[in-house]
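Across the two complexes that follow, chain A remains constant while its partner is chain B and subsequently chain C.
This part shows the complex of A and B:
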């Protein structure tokens, strides 16, 4: 059967399933969005003194919020599958195992990007930041590029963590050290854009993020079959 | 203790002692010039211990990832034990790297810690492999424990060079001394000899620990098996 249906269609079917479930419950995206905005409020209260220097630390604050928000969403994305017995259904359906990964990953990438698309303008308004249109394009491109890595590593590791005793607690412990290289590059790139650094350095960081994405996409592609099959 | 690991352990211990002797009595002291005055940096002596420990740690962690991949490919239990033991030994050496490194930065840089690519890499590495053990202990079923352990050991091994490369991006400026570059080692004669003796001593010693740990894991499994046999019988 899997030979007849193209890989793209199989992946699309899983993404569609996740989007439909989200449209009906609306619990994940809204919770993630509220979490990011609340995190910004916490930052403004916790770091009030250095807010004048936000050109330099703003990129970091944004990524802390995004990172924790993404873990929240990644945990949810498999809790449903596991608790409702949906994962067994997915495994029994005639879909190639690595394609299940790409389906789940694209769903996570989509939710992450939607939330961030709304959160970034709020961040700029709340912290009185300004940015030209061309810079904003590079800024959003950096965020999207990083999202690919976050969704990729996150989907891979949350599939593992959901099968452990501690579940939600396990994901951050596995996820954070693995995402650190990407975080360093993402903070460096967004921080560089915000403080008006040379674009060559920003591009260097973006190139690193792209390399990170590709490496972990390959790793996940190779390993996901072992992660998901008993 | 098996004969092979005993021989390796003694050879390693002898080489390590020779390394210490060479480091302190044969290799020249490191000297820095500050305003025509020559200052001897005795703290540099830890280099003959710290760097071999670090390289041994990396070797065993990479082996852990390699055997992890072998396990996933073949599903042979022995590879899983080899992967787990390698990560364990690697982790012990990572902790040793952190301890010796922190002592040295305090003596040489005057601070306990500096956010610098190598230091950051090793701190992340420590936390990541600590996560490996937490992950394993959080999975009950033996086969799933082996599977997830192997998978994470591969992910972690891939992540080590990435963390190091990311640290080289503009935000963190490297200040850690670089001895080995693509142009070769920036030391010669007695210094290099002392280092190489320590390096091989450390590798032999770690290998002997590794073999002992592996024997222990196998023995434990045999006992579990015998216990089950007895219960069934």
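This part shows the complex of A and C:
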């Protein structure tokens, strides 16, 4: 007989399974990392010579690279589920649908954060930026808060696009308009930190990002059963 | 036409046997948009029963099994599995059912053991280590437990899929063309496993192999164009007669 199923164990099992599969293939993380580094090198070559105060536009460049990098990863987040009908296997197990969302979202958040953890120092080196330890903490917190929103919206929309024939095209089409408010706030917050703006303005953008995250976590929680069924 | 066959051709619905019905379907219809895939399906299967479901491609067999396994919602009618409504008690039903399909539902980049451990966590299986050892031994894959499923042959994947489906000790098993891609050795393992669990489980098996389907079943059903074209106790049938009935029903010769 089966014991009462623990929601935490189910979510952890999904995250662990995604991490194990990624450790075997390394397809997603390596592709994301190569893309983001390539984009940063191109930006540094293109804008490094002509712009004097890169710290003011640096936030925009950073988030353009992160946004496209995250789409690359999110597009592949259900690839393992589609192989050999695993999504059906997952849906047949006694798990509440929102827990599938949280498991997949946490996996995506982990992969995004790992890639960005390596990409941010490269960005600072390429653009010759400097930052004190306390500001670096706020900078990384802003990136992590934004990642929650990106992983949340991306996981929800990649679930919708997984069953469409044009899923590689569908995710960016759905994702871009929804993520723009978050992107503007993230650019404003990180750009503000880089250019040494008043922290009150930065905190305002961070609050907006946190509210965005909460709203979309609740939306995903409410809709996921419907989104993933049929 | 022999008199017995004429009687069977007329008899499209098996009268209820009086035993406790493990699966009960009443007036079930399913539409995808305007397309009607299942029309007014009604049948009962008693606990411990084995229903073999035959029919041409597109007859609605897989849709019927998907509805019973909570993956697809019915458009009309009621369904009860193990005494529970799949749409009010979906989590409870899912812990009582298992599916072996022609897709193994396994993660290719995980090992055999990691796959079973993952599904063990999903189902909250007690003593999962012992259960995995027992099942891998039964499907003769204990020597490949640490190998990635990607490296398995189709037959080995299907054997592991059997272990996955039995891991949480379901009482109802849905088998969707389970013999597809199996070599004779894998078929032997599969059928001996079915034999050992036959008494305690209720089965619905979709198959195109009439001989094998009839050998295993207690009841046989033909679905055609989303409707029950034939439903009968196996005791009243033999393979030759059933082949003839299938041909007549599906080709509309009666």
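We adopt the following convention: the second predicted complex is superposed on the first by the 219 of 230 C-alpha atoms of A that agree within 3 Å, B and C clash if a C-alpha of one lies under 4 Å from a C-alpha of the other, contacts with A are read in each partner's own complex, and residues count from 1 in each chain.
Just so we're on the same page, contacts are C-beta pairs under 8 Å (C-beta built on N, C-alpha and C of every residue); 3 or more make two chains touch, one makes a residue touch a chain.
The structure displayed is predicted, hence computed values, not measured ones.
J.: Should A:188 be classified as contacting the first partner (chain B), the second (chain C), both, or neither?
T.: first
J.: Counting only touches as set out at the top, which of chain B and chain C does A:25 meet: first, second, both, neither?
T.: second
J.: Could you say whether A:219 touches chain B, chain C, both of them, or neither, answering first, second, both or neither?
T.: Only chain B is touched by A:219; chain C is not.
J.: May I ask you to decide whether A:86 touches chain B, chain C, both, or neither, giving the answer as first, second, both or neither?
T.: A:86 contacts chain C only, not chain B.
J.: Looking at the overlay, does A:166 come into contact with chain B only (first), chain C only (second), both, or neither?
T.: Touch status of A:166: first partner only.
J.: Can A:110 be said to touch chain B (first), chain C (second), both, or neither?
T.: neither
J.: Just checking: does A:208 make contact with chain B only, chain C only, both, or neither of them? Give me first, second, both or neither.
T.: Touch partner of A:208: chain B, not chain C.
J.: Which chain A residues lie in the overlap of the chain B contact set and the chain C contact set?
T.: 230
J.: Applying the document's contact rule, which stretches of chain C touch chain A when the two form their complex?
T.: Per the stated touch rule, the residues are 69-73, 90-92, 94-95, 97, 99, 101, 103-110, 114, 117-119, 121-126, 148, 157, 164, 168-169.
J.: Using the touch rule from the top, collect the residues of chain A that touch chain C in their complex.
T.: Checking each residue of chain A against chain C gives 1-6, 9-10, 12-13, 16-17, 20-21, 24-25, 80, 83-86, 88-96, 229-230.
J.: For a test of understanding, state which residues of chain A touch chain B in their complex under the given definition.
T.: 153, 156-157, 160, 163-166, 170, 173-174, 176-178, 180-182, 184-185, 187-188, 191-192, 201, 204-205, 208, 212, 215-216, 219, 223, 226-227, 230
J.: Spell out the part of chain B that touches chain A in their complex, as residue ranges.
T.: 72, 120, 124-125, 127-128, 131, 134-135, 138-140, 143-144, 147-148, 150-152, 154-156, 158-159, 162-163, 165-167, 169-172
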